[in-house]
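Two complexes come next, and they have one chain in common, chain A, joined by chain B in the first and chain C in the second.
Presenting the complex of A and B:
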């Protein structure tokens, strides 16, 4: 016998694992979601980890003890006082290369992510708001691009044109845009069906204004989440391309190339691989944790809103009963 | 407390997990077999929390802190989760508000009903087979056999609720908890479901707790009523006693806020909202909103629930000194208004959704300063009609004129003057305001679109519009999320008023609000209409509201106006069969009305102050 309704049960079992104490008091639109995020443990840890990696990448080049391309010792030397992380396959200082090998990767990742999210969000919002044929055409185009695995698609572009940095950014952007477009379209569809959009329609507000002033501000949470997820993917794609020899080129150091170059010396001096891999992992975990916190806090904000609402979002009177 | 009480609740206390702030405290009552207790209160009063606690359940984030709930002689709160599972359904059953979510959409009703009996370890009391028992319970809730082989979505809302009730009553529990079981239903369906529940409880000797925000429904069904406010029982007693001579100022306020079809009394809203858990004041929780509040007397200590007569208890220290009265009746106010020129004319409007036609040829004429109520049940096409008029629904034929100017279908193609003249207020204030924009942006939006006023002048007009809806300039920089439902709806009305429209189309604008808030909004609309000679179209399913505000009523049924006449005529001597049925099915509060002609503020009289 189900004495308690499944709805009540779902509140217990199926509800998103939101702890009450994780919901900072007073997270409203005025308190930005970001501020709320930094009040959660999850958000602080995520931001801390990501910031740590960014700091290493930004400050690293200035504090590196050696030139990253200078041959300073024998190949795969064990860590010593002169070379705290040992040397790599060509006898270069691993610490210096690690410190210097991040900023380029991060910068390209950021640029690719920004371009990809911008492109994808535009596609998604326009498709959702305009609907009809334009929606169908855009979404089928997205499906075609989605049919290629991200890395393969990027490889295809780079192998046709050749390894150019702008092309890497473009490839990353094009690889991301479809997924971002899909997510943002469904979020925008949800928003554009709300009554305040109808209200703007009723005073014939220009469509551009409806998109930018009414719809977009309500998409900040999914946009932030998408940006976070895509950022880690971007770095992974660029690292992958570089590992395969298409992205960032040697002899300039970068974490992905380092992992590739030093594969042979894993047993001799594992630090040459562990150090860059560790930083990449740290970045991924940090950004993902931060993203998770953003998603939870914005969900909490919406959840609170839903909890205070007495009636469903759509007026039930609109239902046409048989 | 009689010896054979079916349900005894004492000192029930439910708190927010972690903070320990009480949501519900000091709740105590007992119920005999066959007796029904109505649990009434506005949103946030804790009535659902109490209802769930009777099943030994607390919602996520809440903990049952102390107290006892003894149902059929078993103390539920001391049981282990596994034991509770066995008790729920067989001893204590629950009927939720939304039957659609209580029934498994993937299983046929028959299967779900049989499952109930199959899991029953006690077996049949009469040794009947499961099929026979299913048949019995189906007959008891007056459901057709055909329902057994139907999936939940194939049944109407009323049938779904009957199926859910059948499952709850199936094992003949001693106690049943009904949580707003008729809230989503039409009045006719509601009446049938209520009578089913009443008969079942009486026949089987079941003690029932009926949770509702609707005083009239409670009045129809329950023997006793407990009025809840801020997690406490503020008044409890027999229906007749509490409704006819309410003693607590909050009960009086609630009763005064309920619109009635019998008399056009000025609705008395209550300012403010109930204090939230953890933010409750010292002393009486109602004191901040109470017109009888005396410093120290009311604000120092929490008043106890005192027995004043028979079984009638009131939580008010001044109960002996004050004599609050429910709002008095008066003859309709709306009738004396002089009609002006026609501002809006609709001829033969036929609208459809896809292939399904939902409005079949509607004619209406609205004069300057007139208030027309369009009344109908859900699915009657009344909202579609409103959306056609304002330009949100575009699949219709017919003629629509505004001051002689033909209006095209899409709002986007209409002239700015006509858009400005006809404004729409949405049903749900939680969806009609952009949550990411401050109130200033929201209210000024039409001004930016239709005028080229300076920023300062826009701000002045926005403040004026907010003040017209009983808000203040302090709201300008707040966000919708910081506002209560009533305040949001006021902002939505202010947004419509800011560009001085001629016609305001209000689509069920109070249906998502508590009665006290609804009363305040209706009163405000009436004042606005008189001050500004605003023509109003009120779309509503609530016939009671109609008497309080409308000059004329159009009753809509299956996409047609079955009756259209002056308000008093429609309500007092309805001509159409459908209107008659609608009026007859409406639950009534049988209150003894106070002397007529008292001004609204006189609902409270204070001798000896």
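Presenting the complex of A and C:
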């Protein structure tokens, strides 16, 4: 623990909340970051795209003209007035299936992200604070999971149990936790070296209270950025698994499943692929663009950290010691 | 440093093997029920369990598997009884060609564009490329693949095969046409990362004191760019290339499946469909080993390429 000057000591005696003064440059309280994000073009475009897809996914099931599993015409019929986007490989209405094929993907993506960020943040904060052996063990565990490409890791789990939705969420969460853990650990170590933590320790606040009321509020920015990155990748992994046939299962409609099952009819009725592909692309692009805006606003404009933030955290960065 | 790194790498691999083994052990169901797709009668499951030694204690099963793996005998496929290593190794070359080809093209193009964009920071060239790169990093691989198929193989043009045709036993090089679209997909997947990281590192280098100093001496702009700024970006580029090779190890799974390209990724998907656990375990361990080796290689190369470490000795 750092030596603390009498002047600083006197300041602590009054014990005003110190966090606000101690925020690093560019990082404001949460609401001002979000307001800043919506002032940027990227933030607005990203949020707009993501919101559009969410609206389609949420409202879509209520306005779909047909049942998504009903056979209404010949396979791969061209668009007509009855079926604006034509029919799919089994003669089902592409429009209805597209409208109903988003919410499950979205929900699983959110669940996997929430679980992964929670798990990863816990690992990161615990590793940063307990230090020592526990830190070493946790970080080694993180390295091990990182040795598998995320999709491959998910495939490994799914291969034994079979495609179960809880398993997909679990696989996504476990695949994300290491990266989140790394980022949050280093951010927590960063914060824990600031003076207001030393002073909190000096006035003997219990460690739990230090973690929850002093550290966590200061990790909001990295957590928001990480959540955004992870949400993009959750959707990509779940869509990839479903595309390969190991995630969400037919006959229920789902954008990734639709893209896979209609591949054979690309030249007959390309809408059967283009429509779900377009929405899926808008979703991941929207979330990623919004995340980029958050990273730029909260971690420094256009700097190196913003660019690296949207690229998943690298394994132990090269250490150049002089 | 290399020795320490290698030791850590071997430890990581060993722990990874425990994880792979534990995943197939602790999750409900086992190799026997999985191979029979959960529909086999109790007797058939029992017979297969005996054949696979599934009733032995977990520790002895693990040691049996890991010693086999180290000795180069990872067991037989549950789907067709053939040795796993001959089954998989025949496809490693195909996948390696894809990964190395896409890795080198993507890295070169990405780094070149990154340097060019940083040199014209804030201009239309930089802004356009940055937005395009941001868009592509967000796209799932299979969407990029299908987009290329729509453009070049089905709807618009018919100039390239939508499905790779590489007969077993022939080299992928002799079927170059089949390589184009899978490689292009993987290039589009990694190039944005290389671009973004190179650009960011280059901007940082261009803002440094030594570049400012070089400019003040009246040196020409290209000279400053390539002799002073660029060498300091190389370590970052090396690290990013390493990272990209790792992305590619995951990317080949989906891309090989889309193009029906006969590599280990496609085989992994087939093995997961068949619940062929020995093959899955082997391929997953192979990819993990690739990860560890690339990681060590990238760290060592980046360290060698760091001018700050190199210059004091020569000067």
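Just so we're on the same page, the second predicted complex is superposed on the first by the 268 of 322 C-alpha atoms of A that agree within 3 Å, B and C clash if a C-alpha of one lies under 4 Å from a C-alpha of the other, contacts with A are read in each partner's own complex, and residues count from 1 in each chain.
Everything that follows uses one rule, which is that a residue touches a chain if its C-beta (ideal position, glycine included) is under 8 Å from a C-beta of that chain, and two chains touch if they have at least 3 such contacts.
Note that this is a predicted model, so its numbers are computed, not measured.
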{"item": "Which of chain B and chain C A:194 touches, first, second, both or neither", "value": "first"}
{"item": "Comparison of chain B and chain C by chain A residues contacted", "value": "C"}
{"item": "Which superposed partner A:161 touches (first chain B, second chain C, both, neither)", "value": "second"}
{"item": "Contacts of A:218 with chain B and chain C, given as first, second, both or neither", "value": "first"}
{"item": "First, second, both or neither for A:78, with chain B first and chain C second", "value": "neither"}
{"item": "Partner chain(s) touched by A:203 [first = chain B, second = chain C, both, neither]", "value": "first"}
{"item": "Chain B versus chain C as contact partner of A:152, first or second or both or neither", "value": "second"}
{"item": "Interface residues of chain A shared between complexes with chain B and chain C", "value": "304, 308, 310-311, 314-318, 320"}
{"item": "Sites on chain B touched by chain A in the complex", "value": "16-18, 43, 52, 55, 57, 59-61, 88-90, 92-94, 96, 98, 101-102, 104, 116, 119-120, 156, 167-168, 170-171, 184, 353, 356, 358, 378-379, 382-384, 390-392, 411-412, 414, 416, 419-420, 423-424, 426-428, 430-437, 445-446, 449-450, 479, 481-482, 485, 495, 507-508, 511-513, 541"}
{"item": "Touching residues (chain side chain A, partner chain C) in the complex", "value": "42, 140-141, 143-152, 155-162, 232, 235-236, 239-240, 243-246, 256, 259-260, 263, 266-267, 270, 273-274, 277, 280-281, 284-285, 287-289, 292, 302-304, 306-308, 310-311, 314-318, 320, 322"}
{"item": "Residues of chain C touching chain A in the complex", "value": "11-13, 15-16, 19-20, 23-24, 27-30, 34, 38, 134-135, 137-143, 146-147, 149-150, 154-155, 162, 193, 196-197, 199-201, 203-204, 235, 239, 243, 246-247, 249-251, 253-254, 257, 268-269, 271-273, 275, 277, 280, 284, 287-288, 291-292, 295, 299, 302-303, 306, 308-309"}
{"item": "Contact set on chain A toward chain B in their complex", "value": "1-8, 11-12, 15, 20-21, 28-30, 194-196, 198-205, 213-214, 217-218, 220, 301, 304-305, 308-311, 313-321"}
